[in-house]
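Chains here go by letter, A, B, C and D, matching the order in which they are written, and residues are numbered from 1 within each.
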Amino acid sequence: MILVTGFEPFGDHTLNPTEGLAKAVDGRRIGAHAVRGIVLPVDHTGIAATLAPLLEEAEPAAVVHLGLAGGRARVALERVALNVMDYEVADNTGWRASGEPCAADGPAAYSATLPLADLLAALTAEGVPAYVSNTAGTYLCNHTLYRTLHAVRARPRPPRVGLVHVPLLPAMVAASGLEQPSMDFPLMLRAVEVILGVLAR
Amino acid sequence: MILVTGFEPFGDHTLNPTEGLAKAVDGRRIGAHAVRGIVLPVDHTGIAATLAPLLEEAEPAAVVHLGLAGGRARVALERVALNVMDYEVADNTGWRASGEPCAADGPAAYSATLPLADLLAALTAEGVPAYVSNTAGTYLCNHTLYRTLHAVRARPRPPRVGLVHVPLLPAMVAASGLEQPSMDFPLMLRAVEVILGVLAR
Amino acid sequence: MILVTGFEPFGDHTLNPTEGLAKAVDGRRIGAHAVRGIVLPVDHTGIAATLAPLLEEAEPAAVVHLGLAGGRARVALERVALNVMDYEVADNTGWRASGEPCAADGPAAYSATLPLADLLAALTAEGVPAYVSNTAGTYLCNHTLYRTLHAVRARPRPPRVGLVHVPLLPAMVAASGLEQPSMDFPLMLRAVEVILGVLAR
Amino acid sequence: MILVTGFEPFGDHTLNPTEGLAKAVDGRRIGAHAVRGIVLPVDHTGIAATLAPLLEEAEPAAVVHLGLAGGRARVALERVALNVMDYEVADNTGWRASGEPCAADGPAAYSATLPLADLLAALTAEGVPAYVSNTAGTYLCNHTLYRTLHAVRARPRPPRVGLVHVPLLPAMVAASGLEQPSMDFPLMLRAVEVILGVLAR
């Protein structure tokens, strides 16, 4: 099974394309793998409560976290998760971290274990703008990647784990009135399908 | 009749989405108006040779020039055309202007005569990122807008004339490897349809 | 005489470097020219009341308007002034234009009459980041350039007139907490001195 | 002793402001600390050969690496060093890494140990645009930070170690002809002095 996660809307956003992306691939079968798509809440306690049983019981072969990154122009394949929570906006419970670690006993960072170079090559070949990003920020996307990698660190056969950031939707930019890049939903979904295709090979 | 123009590829670009947009709406009927879509060459002499007979004989009710603006994130409704040609790259005949006027006897600028505020409101309502731009640059897009407004300036009932810039296509950004905004073709086409719908009201 | 104008602070800004620049060069003598530096209020009626007597009585050989352009990284030599007032923030009297013309009887635009290519070459040779800009926006900087060019349009020997935009000061960016370019005051002043030197040649 | 390092020019750059910064503070005394400023070569073998004896014998109380980051608008206090070398341009020996680790036996990342929040507060109070950055890139600046933190990881009383990125100099941007942010040398030097002042408290 390949686990794909999206997030609920947060901050000023009234929607979050990663919610729709996770739902769109939920229940699909790609190669030998079933795809399970779920939507995470935007607070670190709720994320842990949702993910922990899935990671322990379902034993996914791969975990692809999807997050929204306003301001970015391309699909971002995150290279690393840092052991820090430093929020520019409060989470959906109203809490705002200011430098706390994701795991008090954890290392400074974990590297994502998805095959980033292969994913980038496949996305580029399909005409999807993408790149390998060196920072996933310090909000809940980064936290989720960190905690998943922390949770599976000691397993003999851990799943491949990564985080993919997507740009704002065009309608979000239209509503903002700002000069911000966007990506339309069908192209984002194509990106997720390309990624799942590489992971299922 | 509403005239829609796109451009051939130019500079380092191997394709130009405005070529496909002009072809996609050619032959359509919107309200009481037929739509004529044509593709312009990327040199100012060729543009004049193509446009002059159309503007004189076909007497369009509106002229919508479409141009490609790499680096921009949104559909740009151009407010003004300047009487200057100052090219950063050569045109398709290899000529590179460096400050020449579009019309030696013309004013410093012409204002576009499309209903920009109505177009912006309609695009925003449809979720298409758009804005009113204060500069169309000094390349052939600006030149075309200037020359069309110059050509119809003395007519008792001139057509409404404007220029709309669109971002790069996603595949162009993917190929570039650069952090540049893009817009997918279906959303660009939707933008052109929204614009034509407003003009046909 | 060469007239140099700066502006008072406006909008959210508590200072405006162009105020200090105008004061810094006031009273200097460059070549055969005395320099007069004055500070303009940020509303179009007040600007007219301040500038009209100076332009009529003092008969400057050149007029260099200085304006602040947050977000820009380089000194901008403005090519053109548009006949439109469209403010993103209110002026200092609380009025906010939304598309009104600078002069109801004026043309769509005036071209600046400073020797922009010479100025750019001199600034670049001095190591000052600069460029020729195709838009001065639609706020009071643009308005001032337009009205000055409009005021002198019929003179047999009009002054050379232009507008130079400068970036934010470093301290303004530090206070904002945003990723915005800045330029330090000594370099801005060097830019003004280089410009005055070219005009006095 | 506080060790400050700059770098030689690299890539297309004919100068590197960090070279001048390191030389400018070399030999100063700040509080109880002597400052030693040195210039590093731009290749990872040469960096190791230069730094190793200094770190071992001189036992600095703090190490401040300075690096040049074209495109950034503010002084960047780097939070973390990643265990990866992925160069966009070759180093000064002509070698170009493509994903190799900084230390084959090292962790995914080290956190910088300078007091970043205090440094940011002091810089902001002085009007220097600055921020805490989540990525130091994957070139030799990142490598140097990683290797220094790796070298001192097992010491009972390790020095505080960090990396500070500075923008391009104005003259570098003027020469490039591109819209890129810059910072003038005196302000950069003020930033280094503020940082050293905090470290010496």
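Here is the rule we go by: a contact is a pair of C-beta atoms (placed from the backbone, for glycine too) under 8 Å apart; a residue touches a chain by one contact, two chains touch by 3 or more.
Keep in mind it's a predicted model, so treat the numbers as computed, not measured.
Using the contact threshold fixed earlier, the set of chains in contact with both subunit A and subunit B is empty. Of all chains, A has its CA centroid at the greatest distance from the CA centroid of subunit C.
Between the CA-based centres of subunit B and subunit C the separation comes to 31 Å, rounded to the whole angstrom. Centroids built from CA atoms put subunit C at 47 Å from subunit A. With each centre defined as the average position of its C-alpha atoms, the distance from subunit C to subunit D rounds to 38 Å.
Because contacts link each chain to exactly two others and close back on themselves, their graph is best described as a ring. The complete set of chain-chain contacts reads A-B, A-D, B-C, C-D.
Contact residues on subunit D toward subunit A in their complex (touch as defined above): 79-80, 82-84, 86, 99, 107-111, 117, 132, 134-135, 137-138. Within the complex formed with subunit C, the residues of subunit D that make contact are 72-74, 123-124, 126-131, 170-171, 173-175, 177, 179-184, 186-187.
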